[in-house]
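Both complexes shown next keep chain A, but they swap its partner, so chain B is in the first and chain C is in the second.
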Partner chain A sequence: MNEDLLLEIKNLTVSIQKKNESIPIVKGIDMDLPNGQIVGLVGESGCGKSMTAKSINGILPSVAKVTGGSILWHDSKDKVTDLVTLKEKDLRKRCGQDIAMIFQEPMTSLNPMMRIGDQIREVLRIHKLEKSPSQSREQIIKMLESVGIENPSLRYNSWPHELSGGMRQRVMIAMAMISSPKLLIADEATTALDVTTQAQILKLMKSMCTKSSMSALVITHNMGVVSAICDYVYVMYLGTVMEQAKVSELFSNPLHPYTRGLLSSIPKLSGNPEYLKTIPGNIPVVNKKFPGCEFCIRCSEDVQKCFFENPPLKQVGEDHFVRCHTVSL
Partner chain B sequence: MAKKIFQNKTAFISLCIILIIALMAVFAPFLSGYEADRQDLLSRLMPPGPQHILGTDELGRDLFTRLLYGTRVSLLIAIIPTALAVLFGTLLGVAGAYYGRYVDVLITWLVDVTLAFPGMLLAMVIMYTFGGSLSSVILSIIIMECGSIARVVRSATLSILENEYILAAKTMGVKNLTIITTHVLPHLVPTLIVLFTLNIPGSILSESALSFLGIGIQPPDVSLGLLVSQSKAFLFKMPWLSLVPSGMIMILVLAFNFLGDALRDILDPKTRY
Partner chain C sequence: MDNSVLLSASHLKKKYRIDRKNSIFAVNDVSLDIFTGETLALVGESGCGKSTLSKILMQIIKPDEGTVSFEGKEISSLSERALRPYISRMQMVFQDPASSLDPRMKIRDIIAEPLKAFKIYGTQAEMNERILELTDMVELKEDCLNRYPHEFSGGQKQRIGIARAIAASPKLLVCDESVSALDVCVQAQILNLLKRLKNQLGLTCLFISHDLSVVSFIADRVCVMKNGAICELAPAEKIYSAPEHEYTKYLLASVYCP
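== the complex of A and B ==
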């Protein structure tokens, strides 16, 4: 793939630790994040996409733990740091400076007892980017303006409850961008917003990325979001990558039955409006050990081999990989 | 908040009562012409009258004066150890909730131990070890109250930590200590105010009980509990000697209780809008 990598996830395994067993949630995924590109991570709820993102900046819930693999951060061409083995203190220092994150719920991701401006300034202060109070105030107001908040000098002193959901998400983006990070992780950042606001926020994120040549990891279950802003996409199911391809390639030539199912589940205006197409079945119980392909129970193809043997990730085209027995080279 | 207190009748009245009593205690030397421990053996056990508003005790000391000075000690006991207990309880509770794991296990275990121990027994042990004095009373009240406060603060902190802005702060690279001071503690303030006012009556009662048992404040110092204790021999002949200080304890305790209850209603975010 691309030589100019920013982040490289290698065989990452995340498990939930119970008293005497550990249940794998993310089962050895490989992922590359090139500089300046927007990479999408799609999948149903509970497939491990958030866990993957959270293991990058070390905010996994206390029951979950990275049990294998590495997350390599390319500081420069020759210098590579493994974020998994990094101490919590050093990782925290990188967070906000190199890696920023925006969350799903803009209503709760701002501290209701702090003014917007002060909250953004906290990031500057922590990373010692503040030169003088008046200068950082100017910088923050400029940032608020660039994320599309009207009347930013007035909003600087607003409380979070005075803003709408879309505006709060803009504030979150401003807060994430103020330290000019190299990687932005958006964990379902537009899921809680209505469609119009969603489109605006996506457009904003895309323009922010191109303007400051920042990479982004966009986690979503919405194929529409992927097609709107991503360059490359990973389709995850039950903690494994099922298919990965360039967005245009994936949408024009989806090979895995799961990807095809996801794409055909998007409601269309044409056709029978009464009938909503779905992928049959539910996500199976995670801790069940199963030798075959994890998707075979819900798969539309009926191949016996799938029940006994887990398919490997096969390359089928330039930058296009699929994990499926039914796909031949 | 100040406006809400004025609007809430219970809060306003109880706050007024507390303020009046506190002012009387502070300005005790100006309100009475006597000294608290000045004996006047010729006028022993006098009933209330023009010379001594509330009468005198068995050593001819003016009861009104002693009541005011006793209230001073009781209010001191009400505020200082409670404030310290809230302080330590908050430290323990927040630390346990935030850092989790063995820190939490250790703190929860410590809290359980202090809660399982009968408070009075613990206080007696402290009294016998360090001797009956104001500071040992304060110490024992802190230990008695710290545990339950830590427990409440711990659970309040746990629910605050569930909020996404805590996670967001972590991803922005905010240090743990900064997260606690800027994103956790401000949200705890309403809880702490209520905990403080609701624990004050307990402190007053503990001090009174300890002094009544003779292991709290020692003469010649005065406290409300000590006044009740010293006059119990005359309960049937001269009931006012013990009823007046007991009444004072009751008024103080009730006023602080009502104030705490009202503050809880005022500061509850669910009733705010």
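== the complex of A and C ==
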């Protein structure tokens, strides 16, 4: 899709290890993160979005393991490192330098014993970006301001427990952005924020991508967020990519029944139907190997083939791929 | 929607201290009417006082000033005992389905809680019948009744919370960010359920949310709050097509739509 790649995920499989079983929850996905672009990853709760993200910087929970595929970091045109095979120490170092992640649960990731300004300064120190104390302080205050914290110079000295949930989330975002990472992974980073703050933070992310050529992987189930800042988007269902396309293409021409279901589930600002069109049922429990399309039991299309043959990911247009038997070229 | 006022708030105020010197008005001189059968949405930025206002309306916290009337009777000055019959007619669905259900209780007992608390059914058989009816209304299967909350998904937990809230046949249902924590698919299912219940049971609903698209789907009227005060209250079509207050315009302009 783009020669100028920062990260390339190839056939990645992540499995949960149980007693003598290994249950795949991310099932061989391919994903490209180009330099300076924002890639969205969407899908229902439990489809494996966070697991995909966590395998990039090697912070999978102990029960989960990468069991196949590679995650290639493009250091330069002709130097590529596979993060999956890196030693833990080397991976830590690289992630610390180049990858910042904003988590789904911000409350648990701030140190309750440290003033927030000092916590952000710690990030600068680790990345050896510290300037003189007063310059650092100024830089931190500016960062706090740009994530929408009022009275940033007063807030510099606040303890985490003195901030509301939304403010703590913004501190996390400030910590992630201040080191100017090459890759920002934002896992539901703005979901808990109200619309005005969310808009402000999305703008900030976007401008960091254009100005300092940061790449970002934005995980969300908010399609509004995707349409606002992403360049490209992957739609995931039960650990598999079902559709991928440029954002404008995906919204104007969604082809997979799952994508169309997702889009019709979202209420709009005006012209809503009396009842929303929903995807029936829930995500099924991960079961034994099923030969057909994983979505077929909830699908609105009724095609025999789907029950016994898993469709391949087909290219249907420029940079537009779909995994569905009902979509023809 | 008929024109009788179910709940009426008059000049409510509630102040909170933030430190020794400063305090803020979480609710600052709010007056509003909620009509029988309507869904009134409360929107506004985080911290603007939505939850505080709803708790005052439900008599969970006392205002510093102002009064609340329910079906024409002032209830804000009633004793706890005199208030009981009114409380059973106002129920709440919470934001976090997980933490609002007692993990040690079976689903049957969770749904039965208000039925017991307000002594609504005489015999066990009548109560069981009602529980089955409620289970059916929120589209859960009968066999869920003997299971525990942790065995259910977020969306299912929220259905259980809704069943509990409507068990005592309340007049007013307050939903405080009840769908915010759910993913789009489950959110759509729960929104449809709430709308269907409202139509079926003639429920009046106070719907608190910071998601203006969700509000557009469900609300008849919208009340926009800022810094503890109402800045605009109008029918939903009017708010979305011709907002008057600058702040309403600003909120709407901040929404991203696909």
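Keep in mind that, in the parts below, the second predicted complex is superposed on the first by the 312 of 329 C-alpha atoms of A that agree within 3 Å, B and C clash if a C-alpha of one lies under 4 Å from a C-alpha of the other, contacts with A are read in each partner's own complex, and residues count from 1 in each chain.
In this section, a residue touches a chain if its C-beta (ideal position, glycine included) is under 8 Å from a C-beta of that chain, and two chains touch if they have at least 3 such contacts.
Computed from a predicted structure; not experimentally measured.
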| message | Do chain B and chain C fit side by side on chain A in the superposed arrangement, or is it a clash? | response | fit
| request: State whether A:Met175 touches chain B only (first), chain C only (second), both chains, or neither. | output: first
| query | Which of the two partners, first being chain B and second being chain C, lies in contact with A:Met114: first, second, both, or neither? | reply | first
| First, second, both or neither for A:Lys305, with chain B first and chain C second | neither
| query | If you stack the two complexes on chain A, which partner ends up touching A:Ile59: first (chain B), second (chain C), both, or neither? | reply | first
| query | A:Lys18 contacts which: chain B (first), chain C (second), both, neither? | reply | neither
| message | On the chain A superposition, what angle, as a multiple of 10 degrees, is formed at chain A by the C-alpha centres of chain B and chain C? | response | 80
| field | Dominant toucher of chain A (residue count), chain B or chain C | value | C
| task | Tell me which partner A:Ser45 touches in the superposition: chain B (first), chain C (second), both or neither. | result | second
| query | Touch check for A:Lys203: first (chain B), second (chain C), both, or neither? | reply | neither
| field | Smallest separation in angstrom, by C-alpha atoms, between chain B and chain C in the superposition | value | 13
| note | The shared contact residues of chain A with chain B and chain C are none
| Touch list for chain A against partner chain B, complex | 57, 59, 62, 92-97, 99-101, 103-105, 108-114, 122-123, 126-127, 172, 175-176, 185
| said: Help me check something: in the complex, which residues belonging to chain A touch chain C? | reply: 44-45, 164-166, 193-199, 202, 221-228, 251, 261-263, 265-270, 272, 274-279, 282
| Interfacial residue positions of chain B with respect to chain A in the complex | 100-101, 163-165, 167-175, 178, 182-183, 186-187
| field | List of chain C residues in touch with chain A within their complex | value | 45-47, 153-156, 182-189, 191-192, 195-196, 210-214, 216-218, 240-241, 250-252, 254-258
